[in-house]
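Letters A, B and C mark the chains as written, and numbering starts fresh at 1 in each.
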Amino acid sequence: MSEALSAVVSIGFHGLAFAMVLYLISVGLSVTMGLMGFVNLAHGVFAVAGGYVMTRLIAAYGVPFPLAVAAAVVSVAAGGVLLERVLYRRLYGADELSQVLMSVGLIFMSVAAAKFLWGPLAQPMTPPVYLSGQISLGFRSFPTYRSFLILAGAVVVTLLWLGLERTRFGARIRAAVDNRRMAQSIGIDTDRLFTWTFALGCGLAALGGALGADILAIDPGYALENLIYFLIVVAVGGLGSIRGPFFAALLLGIADTGFKYLLPEFGAFFIYALTLVILLWRPQGLFGRA
Amino acid sequence: MRLGTAGRDTAPPAVEALLRRHRLRAWELAPWLVAVAVYFIFPGYLALGAQILISILFALSIDLILGYAGIITLGQSAFFGAGAYAAGLLAAHGWGEPLSGLVVGGLVGAALGLVSGAIILRTQGLSLLMLTLVIAVMLQEAANKAGSITGGADGLQGMEVWPLFGVFHFGLYGRTAYLYSLAVLFLAWLLARRLVHSPFGRSLTGIRENEARMHAIGSPVFRRRLVIYTIAAAFAGVAGALLAETTQFVALEVLGFERSGSALVMLIIGGVGRLYGAFIGVPIYMIAQDRFAQADPVYWDFWIGLLLILVVVFARGGLIGSIEQLLHRFRRRR
Amino acid sequence: MSVALETAGLCKTFGALTVANAIDFRLERGARHALIGPNGAGKTTFVNLVTGALSPSSGRILLEGDDVTALPQAQRVKRGLARTFQLNTLFRGLSVLENVCMAIGERLGVAGEMHRPAGSRRAVVDEGYHALERLGLAEDALRLVRELPYGRQRLVELAVALGLEPKVLLLDEPAAGVPSAESGIIVETIESLPAEIALLIIEHDMDLVFRLARRITVLVQGGVLVEGTPQEIAADPRVREVYLGEHAGR
């Protein structure tokens, strides 16, 4: 195929893979920020924790890939529950500054802990053999792992959206995000709901971090380096929205890949400028409520 | 409806208390006496001392926005870095006069603050927080990519700062740097103090406490916030220029989140919105960092993170806040 | 011209929900006017639209004959429009005296000054103190607002609005949440307001309404149901129906 078209397809493909990772990580942040009103800048910590658990299990203990990913998700979700109960809960009604500072403190701690435990370099990520290499789709071939990533992401997103639409748990989340006091007055136990939702958000973040280790490298500074991406997805998508961040992630993933490919000397500059413009035009995000 | 003033000699105590609040108190001179004493007692630590003074100025610039106007910013380093690069580029291209470098740094910071503030201060909450970060990250990315101008990741080379007033060289021991920074900080403090106690400063407190109420009493909220944002950006720009001039080098990290983040931590330790939080929190943090972080920087980040969380959960007013609370309780008992 | 405040066809919709439906309203100079209606009728929304806290979907707002529809809230205040909030909206961390001085300072145009310490504004502080004296708040002058009981805070809310020397004053449920023992002074203060001020009160307490108002507007589901003197309103069957249901009057 022609060069230009090939470039477009490449950008679209890799952008889509990146978008999936971003969405999986950020959707939890959107829901917890919309649900608990908590400015949690440390959300990336759960993503990188998932990445570390998975890569360490594979590298040091030879655990098979699916099992390692599952372990990452479960352990980080459990850790999230613990943190929520012990720490986050205390600051639910607090002013924004306190919440920001608490999460900054968490980031510092996680960066130091990761450096101490596993060193300053990025964890190598080698996909399992059956997901390595290239897969051919006739007109051209694509990296197998990334194709898997897109597929897996699509499946998870579909399950998530269906789950939130069809299950009672999902209904409760949507109700509480919409109007917390109203939800409480009709008997929804918001305390338990927060904890479970937080766990879900952390688990998804861990999944995104683990699967996406190939795109966003697992290193100690992860939570800080990628913070802006997660925040952009949530802010542009709309706080509390579940679908909004998906489209924001698509936009960000494809645009970022595109700009870096076509105009590498500008780096991520245009992404930031684009974010600025969007947030000025619609401060509540593309799908947020005014 | 407006009554004339009742006889001045019988003004009620409440009125007097409010009218006298801005008067200089003896203990406010303490930091300056300490700073001057340090010059004589610790001549070997003046380079660190200058860094501390510069960081106090930077933290003060954040306090003006955060503590007084209630705007949470994660991107104050944008103005700091802009001032640093402005002064740095000036000195690297032939004009090394330090005072004018400061002025340029301040003006560049102010200009950037004015333009970005005019754009982003129309939003609030998460959007605003994000946009402060976006501005800083944009600038950092631009500085990184424009390596031919800024030196990129290697930093700005070739700065030549002329002696202050043609006489005082910026030498290895940091004596000039220390006194220079001290003088600048002193002037900035005078200005900040006047600002904070002025009607303008009080109205900022009002905006922070209850913005809806400020609108409802006819206050031009956006304009006031923009003004303080610009002034604080100027302060940050001057601090950045100071750093460039005293170290004769500008690294990319002047625009980084680390700088904004640690300044926030220092401010929290001291106490936000009380003018002196920076003066207390910054020295404590930086001296401790100098002693402990050399050994193992990883430990340092970890414990600082933990300290931050503990302060936020248990002692939200920082040191000054805790002292205030103790005094309040002490006075009540009398 | 004797009309202090007027709205013409004021509308506000949120999607399919209409909270203000073509409201035509007139407030005469020196009026003592009450706005009543069931919960959710849109009374506070109306005040928000008039003051500029909310922007209308259509319609016009005229303050002393000038079209202020496009003006932001703060500028309408400068032209003499003041309000109190249904829930106390004060500077809780500041003292009572400071709260009132903030308003007075804005009115006098000195609140934006940077070069002189706040204390030197003797005139402002004196005036603020006298305002507190008139409302019986003088002994609480230096206490922080959040330390005061709710009823006293409500008085401070009133003092702040009065500090603006408004020509048009909108009071949103001034006695709401105030124990009856403390509401006396609020009512007295409202009764002793200067006669030139145009006053609009939103209230649920019918005793208060009939005591203070010379004209009443009834708002239902965002639209004006009827307007008239207290006697006319009390006798109107539609009003009884709205408040008491279909079986009223039997």
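FYI, contacts are C-beta pairs under 8 Å (C-beta built on N, C-alpha and C of every residue); 3 or more make two chains touch, one makes a residue touch a chain.
What you are looking at is a predicted structure, and each value in this text was computed from that prediction instead of being measured.
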item: Identity of the chain that, by mean CA position, is farthest from chain C; value: A
item: Chain closest to the middle, measuring from C-alpha centroids that were averaged per chain; value: B
item: Where chain A and chain C are represented by their mean Cα positions, the distance between them in whole Å; value: 47
item: CA centroid of chain A to CA centroid of chain B, Å; value: 34
item: Between chain B and chain C, centroid-to-centroid distance (C-alpha), Å; value: 41
item: Complex contacts: residues of chain B adjacent to chain C; value: 1-3, 5-6, 11-12, 14-15, 17-23, 194-195, 197-203, 205-206, 209-210, 212-221, 224
item: Touch list for chain C against partner chain B, complex; value: 51, 53, 72-75, 77-78, 82-83, 85, 89-95, 97-98, 101-103, 105-107, 110-123, 125-127, 129-130, 138, 141-142, 160, 163-165, 194
item: Chain A - residues contacting chain B, complex; value: 33, 39, 87, 90-91, 94, 96-98, 100-102, 104-113, 115-116, 224, 227-228, 231-232, 234-235, 239, 265-269, 272-273, 275-276, 279-280, 283-284
item: Residues of chain B that touch chain A when the two form their complex; value: 66, 72, 74, 119-120, 122-127, 129-131, 133-135, 137-138, 141-142, 144-145, 257, 261, 264-265, 268, 272, 298-302, 304-309, 311-313, 316
